[in-house]
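Shared between the two complexes below is subunit A, which has subunit B as its partner in the first and subunit C in the second.
This part shows the complex of A and B:
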């Protein structure tokens, strides 16, 4: 019976996974078609002329550089928000925190407040203070990412037994060895999830990059925005949009695989 | 590698109330002392203070002549095995055991080879490649023991390590601990609330009551010659006959009972283990006579409670030997098993 159960469970999961994939992929179908279309006149069900003109134009518009900037922005936000979220999450889950509700509320606030409203005021502030647009952008996005990292890490640490770390200490491991050999390996799946969410905050942002960043940093969303409002060329917009969609999907798969390995 | 552990005047307060109020304890090198106490008596706190996981408000901890007080846990050489095995879930069984060797800076291959030896010592050599999550409770605890021994600790601290296991597995672990002691002779401080476990596993039992060591000695001595009524009661002693000591005998409602050893005159409570008391007919040279009020099973044996002129007394008898409730019986308190705890009033107040 114990041998049969996982098989049956797997059999039940497969169709549901397939459905979820279809749900995710469906909106991408027109995008993929457009990206491969040189011409697609109105009544036709499929593109009337296939080709890679959209991709060539996207490359000419600097899509590659924008992709690099977006990746970098996502990574910087993840690199800042993940450790901060891990520390706050650990403190909230395992230690006595004074005014806990208030701290939790403050950490959650960036999700509740509409970014557009805050960003307008912030721009004035950062301009007056003479903070470079990119630095201000990274700061604001890191704060926006904190709620996700904090709450992912807090729930991970809630099920974490600090006794394992104490055990490691009595076995001769100093604080550094405990961090590297026990704490981080055990927190790795949650850290990956938190980092992924933080990366997405930086990756998909438009409003903050536009307003606080002052348009200095041309990321993929900025390029998509500019192209879709300016050219009216659907093929190039589709190509750039696809470029923006694929990296997070790949990351999602990687994170899921890592989480599964951690669960075993 | 094993060293003598000496604990002096250990005090630990939590929110003003002292949980430990001057604990003195010594574990000679290579011996096993069981720290026995009721739950909440602070016995685990003693271990945490020895391991350096908690800081004492006063007192010192020495091992092998080295003052450990104030050292961080990783520099004390006091490996601990707790009630939960706390294996590292991300490491294989072998790498769990190799952990203390790896953090000590050994090369991986050397650490694993040595770890395999420790794993063999606990009889789990063939599980080396498994993940901790796939082990049974008893196996996990064996791995935890192997891992602690791999750290070659000066003192091995065991915090109720077997109390979560099934009785059969627990006995297996007691035998394993005896084998390990014969093989590598670590100094062991074992904390337990299980009186039987303490007597089975340890050379010396120390009873922790009200934040102090009430008495320490061989298990049999604690049972038959308790220092206080509190110790006697904690160890399950049921028979207390208040009276006075006069001219080498105990005088009470039971009359004059000779004592095996000289005791200073004065008020004192006679205690005799119920296991030592024999039930006879009401005539035959009984030290006390009375009526059986209750017979309760104690595993294979039976506890017989008898109402006597000196109050209720109990005897434990083997299968088939218990008299019927209501019958008149005599009780023999063997001279060699009589023991007097002095100062009944002071003791009463404490107990």
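This part shows the complex of A and C:
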């Protein structure tokens, strides 16, 4: 009896796991198929002519330049939000913070304020002050990314042993050596995760870029939006969409590998 | 908490994150409130007025937008919670299946919502993959994209946010469920009892938090509803953007009024979540003792 129960449970688990996997993967299936389709007339379940027309059209639409802009935007947001988040995360985890609840609520506040509302308010101001729109764009996206970096780093520093830094100091290491040789290597996996999430905020954004740039600044999501709001573009929409999915997916795998190496 | 660290150092460490957050949110919301109440007009002299809000309240667009925004956010959140919680509880029962589910859930994180929307469009449109697989003629296929029930919009949010819920819950369960689960098993608890008494109470706070974040996010998100929705009624962010881009500059004040209303709703939903979390924490505390 006791032995049969887990066996019966296991037999029921496999189909449910398969169902959950289908749910998570299914939306990406038409993207992959369309990106490899030259023609896919209606009732056919698979493309009627395979080919790379979508990718050629994507290149003609300036996907390469859009990719460059998206990478740059993601990197700038990550470069700004990661160190700031790490410092705040360390303060929250390891220091006595006055009015802790208030500070934490404040750092989480960007989650509660819709980005479209923030950017509409801020561009009204930057337009009057003559500040370039890209500055407003980077400011809004960096602030949107901060809650992720702060709270990833806080949980990382919660399990962090400051004693190691003190030992290094006792052994004669200066503040610079402690930071470069002890602190940063230990924090590296969490820093990678935080930077990845911050990168995604810049990389995935649509509405903030739309409001700030009015369609002038063409990032990958802007291109996806422009192409997919018209009909008959399915192959090129799929190609540009995959261009917007694959780089961060590879980055995710790299981050996971780095985290695993760090854990060892 | 090591009390010996001076709090001045903590304040210095907090500044690079706190200052931009306060400056950007403070400036943006102040301007939104000032401009939507006529105190900071696009042209002319400041003149305090509630005309923007009154015009919106009189126009059915805001009420219909509220209704449809809340409906989409509630439906998406409930589906994401049900599927995400189910996936997380399933992932912890098998080793291989758990690893596959974790990887698949993590793989959806880097998909931009707009790309997810484009993909759902290719899946659920009347000539999409679903219609082909079911061999339904486009004329007979239900209007999932751009239809009256916002099915494609809710499906996209439910899809991506269910993965988010699953990841958050799995991270919370990883913190110590295995020991408790094994202890309960040793004490003779069956799988159902362990699910109800160990896994669910441990998962509940993280699920509530993830649900609250999802609801606030969907409420304030523009891209998916814009691409997969219909032209009327418009969810609040879509309404705000249409007013924002109107040639009539007075409409900008109304756009900011919609932004203020949406922010208030998102903020209220997260405060409600925090209150619910405090209650869940107390309830879980009672179960544990």
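One rule holds for everything that comes next: the second predicted complex is superposed on the first by the 232 of 264 C-alpha atoms of A that agree within 3 Å, B and C clash if a C-alpha of one lies under 4 Å from a C-alpha of the other, contacts with A are read in each partner's own complex, and residues count from 1 in each chain.
The definition used in the following text is that a contact is a pair of C-beta atoms (placed from the backbone, for glycine too) under 8 Å apart; a residue touches a chain by one contact, two chains touch by 3 or more.
All values reported here derive from a predicted model rather than from experimental measurement.
For the composite obtained by overlaying on subunit A, subunit B and subunit C can both be accommodated side by side without a clash.
Of the two partner chains placed around the shared chain by superposition, subunit B is the only one that A:181 touches, whereas subunit C remains out of contact. Of the two partner chains placed by superposition, only subunit B is touched by A:161; subunit C is not. In the superposition on chain A, A:82 contacts neither subunit B nor subunit C. Of the two partner chains placed around the shared chain by superposition, subunit C is the only one that A:103 touches, whereas subunit B remains out of contact. When both complexes are overlaid on chain A, the residue A:24 reaches subunit C alone and has no touch with subunit B. With both complexes superposed, C is the one of subunit B and subunit C in contact with more subunit A residues. Judged by the touch definition given at the top, the superposed model places A:203 against subunit C, while subunit B stays out of reach. In the superposed model, A:172 makes contact with subunit B only, not with subunit C. Taking all C-alpha atoms of subunit B against all those of subunit C in the superposed arrangement, the shortest distance found is 9 Å. The part of subunit B that touches subunit A in the complex is made up of residues 51-53, 72-74, 76-80, 82, 84, 86, 88-90, 99-100, 102-104, 131, 133, 147-148, 151, 157. Within the complex formed with subunit C, the subunit A residues making contact are 5, 9-10, 13-14, 16-17, 20-21, 23-31, 33-34, 42-45, 83-85, 87-88, 90-92, 94-98, 103, 106-107, 109-122, 124-125, 139-140, 142-143, 146, 149-150, 162, 200, 203-207, 210-211, 214, 220-221, 224-225, 228-229, 234, 237-238, 241, 244-245, 248-249, 251-252, 256. Interface residues of subunit A, counted against subunit B in their complex, comprise 161, 163-164, 166-174, 177, 181-182, 185-186, 262, 264. Taken together, the subunit C residues at the contact with subunit A in this complex read 1-3, 5, 7, 9-11, 13-14, 16-18, 20-22, 24-25, 27-32, 35, 40, 83, 86-87, 90-91, 93-94, 97, 100-101, 104-123, 127-129, 132-133, 135, 138, 156, 159, 162-163, 190-191, 213, 216-217, 219-223, 226-227, 237, 240-241, 244-245, 252, 255-256, 259-260, 262-263, 266-267, 270.
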